[in-house]
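Notes for the one structure printed next.
In order of appearance the chains are A, B, C and D, and numbering begins at 1 in each one.
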């Protein structure tokens, strides 16, 4: 089993870390750059990852829409715990995760991951690690719609 | 000598690659998120790095200002060539680099590096590699101002 | 009163079963999350995650009256 | 007319020399970029990059009339 259990167990975290993590699951489209503007910060290093819906299905057909489902509550908690653990591991300062659910069209933003740190290495590595954790360890499910037929994905896209 | 010569030599590049790279050296402060909004794109994966001026000098004193000098012409060419080479190497689609010169205050943005790609790994790795190339291979120089005294940095910050 | 469990299925598991939420009695045959899964007759537990009361657990997790038990197919977010 | 070079110094090198741009004659003692550097008497060439006509070159680069020769201390951008 590839799925990581470890980071969803409750971990002792200090209050500072908890407040440094912002996680939101959104039903509606959002503008990633406006969200980052609002998140603010004046850290020496910010790393950001943004994922958008592809125009094609995993097997190369034209995609009509991508449906995203999640297990509300557990999902947010998994991402928060992962973020707190990784901020501490990489000595980074703050993390923002916004993730869409519902029906998304090609080109729409699915996920935004951003990390503030004092060093470029910490920011970039923590951002990449948080994205991987989120893809493999948080209860989200994608269904591709194509010619009016929906197909649940069995696994994630390769890195 | 740590400096990389190789990527400043002219390389054969196709027109598509050349147009996929945007490099600008700015004398005035810029809003990174507004620049990214304007850069646009609908790639499946965007990776972004943003560097800001620290409030302290390399040896821990309060920084008044950071002065950035560059060798105009060669500098832009070095970054463009590096970006074209790395886009090809990582199979990424487009790169944006904005870099400040002049007198910068703590908290101001020094550098913005962004990469569009079809895969998260390509976007993140290409962004990190382009940032390292830019730090070590493009003719920029930083001078820290502290108590009215300017000191040229002898080397870059650790990753 | 009989002890009950709240069982949740998601995504492809929900489609396979034809339901998403069901109340089930807590019996001698559903002492653990793994035993409850077997009772549902939805195939192999391989690659399925289990959450009890919004916390990921293993199949050996003992169930109690009122537990929310969710079966989760492989995650594909991000 | 005498053959000339346009010599540029940047950042700490400019401060050390006290000038940033200088016209210098192209002579038998300044056939290459390395020889020109020695002529300037600004210390070791170690860690100094050289650009001729906006292209990075090695110290063995032969110089021609009208060349722009820049000496560049270690880069510290980004």
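Definition applied: a contact is a pair of C-beta atoms (placed from the backbone, for glycine too) under 8 Å apart; a residue touches a chain by one contact, two chains touch by 3 or more.
Bear in mind the structure is a predicted one, so any value in this text is a computation, not a measurement.
Counting only chains that touch, the fewest steps needed to get from subunit A to subunit C is 1.
A separation of 25 Å divides the Cα centre of subunit A from that of subunit B. Mean C-alpha position of subunit A lies 50 Å from that of subunit D. Residue positions 51, 131 of subunit B each touch two or more of the other chains.
Residues of subunit D in contact with at least two other chains: none. Inter-chain contacts, as defined above, occur between A-B, A-C, B-D. Residues of subunit D touching subunit B in their complex: 8, 10-12, 15, 46-47, 49, 51, 54-56, 58, 70, 72-78.
Subunit B contributes residues 31, 33-34, 36-37, 42-54, 106-107, 118-121, 123-124, 127-128, 131, 157-159 to its touches with subunit A in the complex. Interface residues of subunit A, counted against subunit C in their complex, comprise 1-3, 5, 8-10, 51, 68-71, 73-74, 77-78, 99, 110-111, 131, 134-143, 152-156.
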